[in-house]
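Structure incoming, see below.
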Amino acid sequence: MNTKRTAFYYLLAALLTVGFYFVLTGLIRAGVIGKYHADMLIPVGFYIMLAVSLNLTCGFLGQLPLGHAGFMAVGAYTSALATRYLPFEGALGFWIALLLGALMAAAFGVVVGLPALRLSGDYLAIITLGFGEIIKGILLNLNFTGGARGFKGIPKQTDLTTVYICLVLTLFFIRTLINSRFGRAIISIRENEIAAESCGIHTTFYKTMTFSIAAFFAGLAGGLYAHYIGVLYPTTFGFDTSIEILVMVVLGGMGSITGSVISAATLRLLPEMLRAFLDYRMVIYSLLLIVVMIFRPTGLMGRYEFRLSKIFAPKGDKSHV
Amino acid sequence: MFDDTKLYPLPSGGYLTARDLDKPPILDIRYLGIDFGGLRALTDFNLIVGRSEITGLIGPNGAGKTTVFNLITNVYQPTRGSIILDGVDTKGMSTHQVSRLGVARTFQNIRLFKDISVIDNVKIGLHHETRYQMPEALLRLPGYFKREKVADQRALELLSIFDMESLAYKPAGSLSYGAQRRLEIVRALATNPSVLLLDEPAAGMNPSETGELMENILHIRNTFNIAIVLIEHDMSLVMGVCEGIAVLNYGKIIAKGTPEEIRQNPEVIEAYLGKGVRE
Amino acid sequence: GSTPAPSSGTSEPGDTQDTGPIKIGYLGPLTGGAAQYGIAVQNGMMLYVDEINANGGVMGRQVEVVAYDDKGDAVEALTAFNRLVSQDEVVAIVGAVTSGPTIAVAQESANMDNPIPMITASATADEVTAYGDNMFRSCFLDPFQGETMGRYAAEVLKAKTAAVIYNNSSDYSVGLMESFSQTCSDMGVEMVAVEAYAEGDVDFRAQLTNINAKNPDVVLIPDYYNAVDLVIQQLRGMGNQSTLLGCDGWDGLLNVTANADNLFDCYFSNHYSAEDPMAAAFVETFMARHNEEPMSFSATAYDAARVLFDAMERAGTTESAAVIAAMKETDLECVTGHITFNEKNNPIKTCSIITIKDGAYKLDRNY
Amino acid sequence: MLKVEDLSVFYGQIQALKSISFEVKQGEVVTLIGANGAGKSTVLKTISGLLRGRNGSSITFMGQDISRMEPHRIVERGLSHVPEGRRIFLQMSVLENLQMGAYTGAGDMEADIEQVFERFPRLRERQRQVAGTLSGGEQQMLAIGRALMSRPKLMMLDEPSMGLAPILIEQIFDIITELNAAGTTILLVEQNARMALSVAHRGYVLETGRVVLADTAQALLNSDAVKKAYLGG
Amino acid sequence: MIFISQLINGVHVGSIYALVALGYSMVYGIIKLINFAHGDIIMVASYAVWYGAVRMGLPTWAAILLSIVICPLLGMLIEKIAYKPLRGSARISLLITAIGVSFLLQNLARMIFTATPQSLPALIPGKLSVGPWTLSYTTLVTIAVAVVMMLCLNLLVSRTKMGKAMRAVSEDTEAAQLMGINVNHTISFTFAIGSGLAAVAAVLYCCSYPQVSPTMGSLLGLKAFVAAVLGGIGSIPGAMVGGFVIGIAESLTKGYIHSGLADALVFLILIVVLIVRPAGLMGVHRPEKV
């Protein structure tokens, strides 16, 4: 691996990231992209974050979590409480709230991760599902968050820029995590837990860590959600939402961050495009799920990862990170 | 001086080669035993392995050989007895801790990380040697690049033992059976072990491949100067490389000694080798 | 699509085609768990739109409705709202249906440069109309109904003890439970049991066993008719004879019930009584069209559309500010009563207490 | 009895077998030998219907074309296959595994089980044990025992000696000879070429999906090429 | 006194969960699929009963029969079209397909029958009075049918040839073929039985809760799935025990602890049970041999 070339790719990626942002906001300001389309990008952003973070536990760690929305709820409520009760103002307060939400979700990740470790496969799936439902149940009965009547009046501070920043950070950290010895440890657990243990990988630690990191980013997305929509209902974070995120991950390809990005974006945008078909759009959506799975059981992207270096590197050279 | 591969009995009931006689043994197993439900799968198992010894563990199918490996690596916890690894009692440890203390193994039914590349398989073995911290990885600080580079080089170096560098970027699952067995050995070596446990490394190989493997095993012992414990049913391999052999039957040791002694032992012939041992 | 005419630069784009159809939006759940309410609202609204179109439209222009599904989800609702406003350029919106999406779009619309008039037929949460002047509603507020039924229990039924079984995933149900309990304790009615269940539950026997053991004078069941029917059947199945109290969500109960015999001693608050001639006509046309009795939201939706178009007619334009101003001045005899708005854009109208007798709704009194 | 003609098999894009032809006659022991990945297991899997040959391939068993037949029908016709890697039912007990072997219902189950237990006394000891916890060799015995339960006319064995103790390997080969003497035709795939050829009548050598040599077992044992490549010099 | 009533309530709900859980367990047992569409098959079955009894005006038994005939066919059809092509693929792909099928059934039902719930006449009217307690015939029939079904199914799986084939296929499809088992038939048969059970469950459900709607299967399916896992998924007595335990736990938490937190508490119980017994109440934890 050539150091200069690596530096070049990182620089290029950074430039493209920033450039894309300015082009996007420029187009919005110029009115080429209307408010409707521009606003649609915000939920797309946090759904990508949710899908990518779930992919960490689902695609890379190889578990079947059915309660991801629970972490999102923890992040959403925590950050909403933070903006309401903490003495910080404006943007600073908002970022602190987001961070607190994410950290709280990460702490819950540890709580779920620990008992879950004794179990595998479908039993673990059930524990995560149960956890999601418990969170929902508690939120429904908590008075200071409004219970079923909703947590209202959250300042609407999430805009395209915050979502973009959070999204880029999420993608960057998850990518760098996966392409490191820690990521390899996570993947080794997916591939063969017993072999991983005998390679000296502390599987319990890494499982809990992965749950926690995934929860962190889900919590971050939750915070963005809370400050985008301005009102939270516990029922939003039920099993259906967890499944919606899972579908995004599997359809995109488990173990492909690229796939999660594409599929989360598509699955958010597609129903919008199908609005004209009103009655049929859920039918089309469900048929699409079935058909894609039958013809591409490993998801659209499989485990393919998009890399800048793949575009520029000479053919056959696969040795770059 | 004495002939350095000759076995010398120890008071504890074990054997050591001359070479390792003056050093504390790497593995000292005393009265090890495990029950599965009512089944006494292993009883009174004593074995001493010297620092650079190649020990064979043979015995009929179901005798408990793999079980011994599972106990040494703490995949199972023993019902009785103790395992002292380089002076440390491993009781109650978990598998990954034992691995860090220097035990590496291969599996009878291959357990590779099938969907990832060969080199990444080895780099997972190098996990603890690749010493950078989470922030370095997440923020892509220089330490990350430096150590990853070292890990890459080290992995390729290890693969070169079996001339497998050219396969480095193939998914491990796509390798032929023999290559997969060899990759498992490489991965085990990557954890920088002081004892290497090989469970039937020659299974599914034809005689000429087995011959190559024999040389490789000797080469590994000589370069890394580690102890190797080998389970194998292919007598040409066992007799060819092992200095000391222990024979298990029904969970008990029925014989210990040099290959020559084992070959002649009537009890072993009766229970295991059969009359017409062809090598 | 509508291309803005070059001459009229200042006014709203949707307003430029003075002769073209008037485009309004509808927003509500048409799929998913809340679909039945969304569809009820849409049906009621369309009934009025079709009537007014058949009678020559509003200000001589036909009305065209762009309907979008929000699946009961706030994010979907926001996106759909933006689409209605910036793509379809509607001049007003009826919706949304459930509280979460309604609050989300109410907040969003209040922040617009030139907020368009909106009216919801079903979102009962307090905050819905709190964000801007452009948001109206044609239904009751949660506290109002809870309070009314509490007073009714104490004053008319002379109840000494009361119990509630409510849906704790529904803000509507929780809101009613809270205000009812409050009123009861203020008026000296003892609350002997408060039990909850979750959305989608069908078995209430465990909670009802507790309630039945206390044998309260009245039991409030604040939810929609399909859950209510299951609750009542199971409660009566236990041999309970308490008086049962309900809310506008009960309207339509006779439609679904399998056993009307068990619906005795039932009183619920509603927007109208079918004995009122205007309401009777509405019910009749609705039945003719949809082959089922309307639920209360169809009626409030019918009125919502009526309030909106009446205001347009009076304002003589579809321009937002003018229509909003006209809506505030609403003074209209409607299916669900005589509607005027208070300063918070909530309707001031009487409440009918309906009872069920011989398999039919009867007006008990206006209260 | 079994005749394979122009058999080509693909795994996706990869061609594993390239127009292979061979034959097993009634009462014979025929062995296929070849290096790892030569395609031996693929041949057996295609014969038993788990894989499909390309158009133009033909497989006839006792005069009937079985190349398009479903696997369970093929088993019913008396062709049984002991697959590579044993493939016993890990969650079932030893006894249940043997009962599964008699699924097609040929013969007297009790007597057949008794016979298997006589051949493999270890299995009798372990008959109630869950098969998944058996040692490797015990599993191999069970796999062979299970295949015997269907009283096959032709039995295909894929590396039966893999992972077995030397004494057991001898036993297995004795059993093969015995079965053959009792009238079962046998198609044997082996890494242990010397052993295989010593019990076989004829042998075929496979290299990268092609038959490169076909001769009597004795002739192959004596051939220099075979000695060098497969018998370890 | 109240306690006994609460217990009966629990057993009643539990019987329905158990029946649905049996269907989950059957299908899971054979292709290791958490068949998310199972709850929706119950929905279809209920609509079939409703359509027969209310729309077509058939006598009750005929409506029930209609549903019991339609569901196995539907189950087999779904398996053929949606699940069979994915047999060799990762289990999670199959899971997503099942979710797709579930959405599809729900939305088709919504388009055909509208989102408004439809109500059914009482199928088994009447109740039994024993001393201070009244027990509806519905409760009695529900419990009895659930227990009988469980026993029959247990016999089917442990005693019959088909049952053996089912177990073999579930473990190793390829090896099962080599034993002479017709895998396609076996899987189809399992789906038919599983869906047939769904139909029976639907009938009993309709007796207890005479209302059908397109989304009625979701929550029921979820709870039954939890019951199946709690009992040890794949185990038939386990599904039964799991169903009863969930039913009783629900009833008692609602009755004695907190009705608003009941669902959360039931899930908490589930988690605790699984931590203590990682393979569920009746499941056998078989560690992988190394």
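Think of it as A, B, C, D and E in the order they're written, each chain with its own count starting at 1.
The criterion applied here is as follows: a residue touches a chain if its C-beta (ideal position, glycine included) is under 8 Å from a C-beta of that chain, and two chains touch if they have at least 3 such contacts.
Small disclaimer: the values here were computed from a predicted structure and weren't measured.
In terms of the stated touch criterion, the partners common to subunit B and subunit E are A, D, listed by label.
Ranking B-D and D-E by contacting C-beta pairs places B-D first. Taking each chain's centre as the mean of its C-alpha atoms, the one that lies farthest from the centre of subunit D is C. Computed from the mean C-alpha positions, the centre of subunit C lies at a distance of 74 Å from the centre of subunit D. Here the CA centre of subunit A is 42 Å from the CA centre of subunit B.
Inter-chain centre distance (subunit A to subunit C, centres taken as mean C-alpha positions): 36 Å.
Spacing of subunit A relative to subunit D, judged by their CA centroids, is 50 angstrom. Looking at subunit B, residues 66, 75, 107 sit in touch with two or more other chains. Residue positions of subunit A touching 2 or more other chains: 140-141, 194, 279, 282.
Contact with two or more other chains is made by residues 31, 168, 198 of subunit C. Touching pairs of chains, sorted by label, consist of A-B, A-C, A-E, B-D, B-E, C-E, D-E.
Interface residues of subunit D facing subunit E in the complex, by the touch rule stated above, are 48-50, 70-72, 75-76, 80-81, 83, 87-92, 96, 99-101, 103-104, 130, 132-133, 146, 150. Residues 66, 70, 75, 107 of subunit B touch subunit E in their complex. Chain contact summary for the complex, subunit E toward subunit D: residues 161, 164-165, 167-168, 171-172, 174-183, 286, 289. Taken in their complex, subunit A has these residues touching subunit C: 34-36, 39-40, 43, 140-141, 147-150, 152-153, 156, 225, 228-231, 233-236, 272, 275, 278-279, 281-282.
Here subunit E touches subunit C in the complex through residues 2, 5-6, 9-10, 12-13, 107, 110, 114-122, 127, 134, 136, 208-211, 213-216, 218-220, 250-252, 254-255, 259-260, 262-263, going by the rule given at the top.
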